[in-house]
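Heads up, the next two complexes both have chain A, just with different partners, chain B and then chain C.
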Partner chain A sequence: MVNESGILYTIEGLSASILMITTAYLVVSTTMVFTPGDSHIIDMQLEQIGNDALAVMDTPVSYNALSPLESSIKDNDPNAFRSRFLQYINTVKPGSTIGSDKIKFFSEVFYRKGDRIESYPFADSGDVYTGREHMVKVSRMVFIRDASIISALGPDNRPQSLLIEVTLWRE
Partner chain B sequence: MGLIISISIFILAIIVNQSMIVGQTTAESVLDFPKSDIQDLRSEIFRMRMAEVDQNPVIEDIQIISLIRKSAIVYIDNTSEILIIHYNNGVTSYNETIRF
Partner chain C sequence: MILYIIKPLPGNMNDKPRLKEASIVTDDNAQLSIDFVVGLSIFMIAFTIVATMTGGLLVGLQSKTIDYDAVAYRTGVILSEDPGEMNERVGIAYIAPDRYAWDLIYPGYESYQQSNIFRMGLAMPRYYYDVPPQVTMEHKVNHFFSNYDRSLYKNKVIFGDYPYNFNISITPLNGDNPRSIGDPLPANHQAGYIRRVILIKHPANVTLNAYDEFGNTNGEMIITVDFYQLSSRTPGYMVFPSIEREIINLTNFSSSNTVINDVKVCSPTCENPEPSSPTIWIKKPDGSVFSSYPIPPGGIPVENGTLIEIDPGYLSKRYFPNLGPVDKIDLKIQFADPDPNVVNHLGGRKNFSYSQEVTHQESFEQPDMSVAILEIWIW
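On to the complex of A and B.
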């Protein structure tokens, strides 16, 4: 006997088979395995931390004073830079028992001499570098009014703009 | 009923599958935009402008350092009535004109 109760049965069967074949195709074709490191979210957060710490250090504490970053570069004092920078980037919560973050850094100062750019190494976080993690580079331009102390390291003795480049990674 | 449920499970599986790619491209576009470079450049130019120093060597410092270390072309036109800043790093371009 011909009646209509088989139409829905057939259509269900057809759509179920199309669903199964499409699923199997998707599973087989997208075989890229994404890890959290591939998504660069952690790198972006680390770069933001570094940029924020340098921006905070480049802010003068009072009107017409030098910012801590400018005075530590002008007086060539890597220890002052290191302790302040490590405090800014590694503090998780002041007074916490969790401890602190484990970000290490290395920095260099670039200056212009005539038509060329030269550099001298500045502060770093000491220790041994194992180089396991991704690194991020952040930089900040520093305006130095009095370059008499650092002119022994290479820059001209004039008011100038330097670039400090800091490389950060999580150890 | 079973068909509806299986199709909805299939659509949810596609959403979960594409979510990692969405996270990666969002983070990459944030990394590519030079927000802190432009903010840093502006703050440096204003600090230089307020200092009582000869400004042409400092402007040349900024232009050459940006070109060589940050791969960005910077043009600064600085007189007492007008300040023009042009920044282009190949992906993003920024222009600013201030009249005093």
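On to the complex of A and C.
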């Protein structure tokens, strides 16, 4: 006979199943809708220009010459590094609306002394900040053949690889 | 709706309960049957879930705005790190010097361009393992920014089915003119953007002394381009004779009446250069340009600073079918002068090579690689 006894059992079963299905759906469904505001990959562009500038600075421009990066580190000349690096990362097409880009940087050189890793600060763009939002770090290993000048700053006086680490951010 | 409820009537307690008719309007119990409530709520929950999922159906359909930066980045990689690629042989004909020389398609084969170039890139080909990164070649950069063809560039550099607008600009840091191709930049669109730093490798030149002190030259200068000898430097600083421009600077002419009568190219049999590009050109310091074949009657007058330029792509297999990597090509230049004494001391055996007789004011010069900024906008 059809009557209403047992309705509570049915409802218990149904509500339990709905609860489980709803939880499973919430866990499994991850649909993200992109808005135009997310369409710029700001950090990647900054990292790309920083890596490019270091790679180009580390290439000798004539046969058997030292690369500008190696000579500015070897001669401990942060001014030469700063002017060249800022020119490479901030130049844009003439006549463009932004004039020139406003990327700032701070760099350090890391070296190995015995079994310790130490560092000394190298060039920076004049600000004493170590970074702002959307700051990226790019680095490059530089092989220095003649470390006599920089041995005063800490590294051993021997041919060695140094790591130059540059932090970049857009003002 | 008509519902039946069981309600005892007031009054007689011994009577059996009787059904009473009640309608939803007049009845004041305000209860729906439990079946209906449960069924409706399950339906509504299911309907709400499906309705919220329809937003996700549209993701991926018109997502062009998130693509702009990705397309710009990919184009930047293709231009600055990829030498490009093409089919250099169609059937038995060589249509280009090698598979990376998409800008040096031989004359007469331009119609093969659209279907045989896979990609256009500006970088130096990685023939060797130690090519420095992001080094581009000047002849590719010049060709790319001078021969803009929108549909070809869209298919061979930008790729993708969506009709992207693009603008590619190069700004050299050494003072050369900036150039750009593509559509003018939009004022108010959000555009995908990437900026790359590249190096440009420039053609090398050799300065040769036209005066030979030993005499007995009979006015003939033989310049040997030895491919094997030229491959002795590391690749970023090497001359690639088949695909780069070679420039020979002649100096130390003692007489102002000297002319060039004849130019021949020998490998080893001698023949005349081509009448049109790619070929050998004679350029005077005042800017006038003469082709090396046919020579105008009376010869081409020369003076200090006359340049002999070999076009990129000329010293290659199409024009010299037996050319191999250890071969050499001789350039024979015949000078003439009314004074036989001058003629006897004009010319000599020379080399287009890295080491020159510095004592005789001869030198090899390769301009430093110059830095340029490449910018790409996509919208």
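Here is the rule we use: the second predicted complex is superposed on the first by the 120 of 171 C-alpha atoms of A that agree within 3 Å, B and C clash if a C-alpha of one lies under 4 Å from a C-alpha of the other, contacts with A are read in each partner's own complex, and residues count from 1 in each chain.
Here is the rule we go by: contacts are C-beta pairs under 8 Å (C-beta built on N, C-alpha and C of every residue); 3 or more make two chains touch, one makes a residue touch a chain.
In this text the structure is predicted, and so the values were computed from the model without any measurement.
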* Asked: Now for A:Glu47: first (chain B), second (chain C), both, or neither, which partner does it touch?
  -> first
* Report for A:Gln87: first if it touches chain B alone, second if chain C alone, otherwise both or neither. => second
* Regarding the shared-chain residue A:Ile7, is it in contact with chain B (first), chain C (second), both, or neither? -> second
* A:Ala55 contacts which: chain B (first), chain C (second), both, neither? -> both
* Can A:Arg145 be said to touch chain B (first), chain C (second), both, or neither? -> first
* Across the two complexes, find the residues of chain A that touch chain B and also touch chain C. => 22, 34, 38-41, 44, 55
* Quick one: which bits of chain C touch chain A in the complex? Just the residue numbers, please. => 34-35, 38, 42, 45, 49, 53, 55-56, 58-59, 63, 65-66, 68-70, 73, 76, 80, 132-135, 169, 171, 173, 178, 180, 185, 190, 192-199, 233-234, 236-237, 366, 368-371, 373, 375
* In the complex with chain B, residue positions of chain A that touch it -> 12, 15-16, 19, 22-23, 26, 30, 34, 38-41, 43-44, 47, 51, 55, 58, 110-112, 115, 117, 138-141, 143, 145, 158-163, 165
* Touching residues (chain side chain A, partner chain C) in the complex -> 4, 7, 10-11, 14, 18, 22, 25, 29, 31-34, 36, 38-41, 44-45, 48-49, 52-53, 55-56, 59-64, 87-89, 91-94, 96, 101
* Given the complex with chain A, which residues does chain B contribute to the contact? -> 3, 6-7, 10, 13-14, 17, 20-21, 23-24, 27-28, 30-31, 36-37, 39-41, 43-44, 47-48, 51, 53-54, 57-58, 60-62, 64-65, 68-70
